[in-house]
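Two complexes follow with chain A in common, the first pairing it with chain B and the second with chain C.
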Partner chain A sequence: MSQLLEAIRSNRDAVLNEWLKNMREGISRRDLIDDAEVSEQATRMLDAIIAVTDESRIANLAGSEWQPIKEMLADLSVSRAVQGFTPSETALFVLSLKPVLFQLIRERWGNKAGELFAEITIADNFIDRLALHTTDSYIAGRDQVIGRQQEEMLELSTPVVTLWDGIVALPLIGTLDSARTQVVMESLLQAIVRTNSRFAIIDITGVPTVDTLVAQHLLKTITAAKLMGAECILSGIRPQIAQTIVHLGINLEEVVTKAKLADAFRLALERSNRRVTRTNSATPAAAPAQER
Partner chain B sequence: MDRIPILRMGPFLLVTIQVDMHDKLALTLQDDLTSRISDVGARGVLIDISSLEIVDSFIGRTLANIASMSRVLDAETVVVGMQPAVAITLVELGMSLPGIRTALNVELGMEYLRQNTIVEGSGDGWDGSED
Partner chain C sequence: MAGTVLKTEAVPVRSDADVVMVRQRVRAWVNEMQFSLVDQTKIVTAASELARNTLEHGKGGKLDISMLQNGYRKGIQLVFSDDGPGIPDVRLALTDGYTTGSGMGLGLSGSKRLMNEFYIQTEVNRGTTVSCIRWK
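So, the complex of A and B:
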């Protein structure tokens, strides 16, 4: 029968002080978290551990008495993930308790080899499990952050801008997948209806790769816009992308394509019977500003 | 409602679909419209589907058929005001309606019809290929 928890309980203050000392040596990012907070977290954790009375449960962390400790660790890891700690720094919180426990065990059972070994194995196991749980929670916390960022990006990534009365542009940035393309398609078509635009320019300068799937999505969007009575111009096709498109055998012959957004805009203006002209070159550019 | 009204505006016919199309209604419209075109000798047909929110492959095909039939009867056909959801559905169904003229709203559709029926033999007025 292990006596480890009992040993910790009777040496609580010494263990806590040693633990905090170890942690202070381990944490390099002092700027992210202050000592008082760490100390408070460690005290709460240690009190929760010594509150567990059933020594036999220490081997597998099962049972309801370990639940508060697990939750505490999970909260701690999630908050560390948000604060920007690395996984190792987060796991160090628990791992730095290990040498303290070993020291304690050595003082208590130093002259009895059998018990010493048994207690060390139990302590080692115990701390490792806590550390693994911390890392799991840390990763779960970071996944949450990533998921939220992805959602935000999806919302932010499809701005439809009005270039001129009746001409809208959709600058696409980033990789296109099915979910995003659906959002892109819908927002473009809705913008066409809302602004009554006869011309829509899809600019793919910021799209890193174009494969058959992306091309198919683009063609669908263009066809849908055409069905609604708007004309789509595809612009911003980089040389590498042009090569890929031809190599893949994607048929863009029915789509009007331009190399640059400016060219596409010029074409849209031309087709809506507009023209951009240079004003009288004799007038200095700064003149209107001076009049104001 | 078992019939969609067909309005006459000078040389053009105006059809506004304001109810959910079902198959029989679409076929009735096809019959009515073709006979009306030949009766009045219409030069252009404008079909406004801005209130149509649900479309299936049959309705899509009927629209395409009506447009082709009108063209055979020498009347230019424009479908106007298609909703984004309808456009997406048709594309997902693989129906890009290649022969159909489309316009954003009735105004632009009428403008197109005027340019392309009264001025004989001119090219596509509104997409700027001429001039």
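So, the complex of A and C:
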């Protein structure tokens, strides 16, 4: 059994001060976190280590008595990940405790080689495992950040814009995987209802690859819009995309397509009996398009 | 007819995100090999189709991209391999509009038309290897 816990317990303040000193030297990101917070976290952590009962073995980190400490570390790592610390800076929090423990062990058992080695091995293992746990939690924290950003991008990337009274446009940009197409379809259909639109223009200028899955999703969206009484115009079909679609054998003949968004808009205006005309007078107050 | 392999790269095809990765890697390769914009789009689209087939029907596998040199010609070879259930009837699978999934049934036949050379090696319950080349 380890006597290390006992040693830490009787030297709590000294250990804490040394630890904080080490950390101050190691962590350079004062801009992200202040000393008071670090000191508070370290104190809580050390007290949690001390609070573990004597019977529990320090070597057995999987045991339930270490659970509070692991949770505390996990919280800490996640918050560091969000604050923008690097993984090494986060792991340093735990790792900078190691030299302090080694010093303590040396003072206690310096002249007994066998015990010295045994205690050092235990302390080394203990700190390493805590550090690994910190890194694991840090990565989990990062994954959360990435997941949230993905969701944010999903919402950002599908704006439905009203071009004119009764004409909405959906400029698509980027990869159309199945998760995104679902969002795209929903937001378009809702916009059609909300704006009472009879025409919807789907612009795929910003979509780099149109394969059968993307085409299928587009066709489904167009069919759904049709069911709701809106006419869809597909625009932004670049020459290379057009050739690829032909070779793939995708049939888009039933869909009204245009090369440019401007052409699609013109068509939608025509179909709704409107026309864009140039006025002779230079009055700035004149509307860009006149309704008839 | 293959040629000398100049360099290769392996890309895993295990998830939807990997399909995006396949497109990006193939796009980087054909861009570097200076294919025309139309050819680039064709190759990337074929890669996207075949990668999705590998994922959905082959239960995941990998893609090996190679740059080939045959005389004065350079080409890109894409080899998709999986250990999935295999294709019982290759001719049927290559028919336009035939699908066992929910897609359009144009992926395999379409990518054959997008590439210059196209070979399928398959054995039921053993897996499938689709190999295709586009010459510059």
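Please note the rule applied: the second predicted complex is superposed on the first by the 243 of 292 C-alpha atoms of A that agree within 3 Å, B and C clash if a C-alpha of one lies under 4 Å from a C-alpha of the other, contacts with A are read in each partner's own complex, and residues count from 1 in each chain.
Rule of thumb we're sticking to: contacts are C-beta pairs under 8 Å (C-beta built on N, C-alpha and C of every residue); 3 or more make two chains touch, one makes a residue touch a chain.
Values in this document were obtained by computation on a predicted structure and should not be read as measured data.
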Partner chain in contact with A:R198 - chain B first, chain C second, else both or neither: first
Partner chain in contact with A:T223 - chain B first, chain C second, else both or neither: first
Which superposed partner A:T162 touches (first chain B, second chain C, both, neither): neither
Which superposed partner A:T121 touches (first chain B, second chain C, both, neither): neither
Touched partner set for A:S10, first chain B, second chain C, both or neither: neither
Chain B/chain C common contact set on chain A: none
Residue ranges of chain C in contact with chain A within the complex: 16, 19-20, 23, 27, 37-38, 40-42, 44-45, 48-49, 52, 96, 103-104, 106-107, 109-111, 113-114
Sites on chain A touched by chain B in the complex: 185-186, 189-190, 192-193, 196-198, 220, 223-231, 270-273
Residues on chain A engaged by chain C in the complex (per definition of touch): 175, 177-179, 208-213, 215-216, 239-241, 243-244, 247-250
Residues of chain B touching chain A in the complex: 79-84, 86-88, 90-92, 96-97, 100, 102-105, 108-109, 126-128, 131
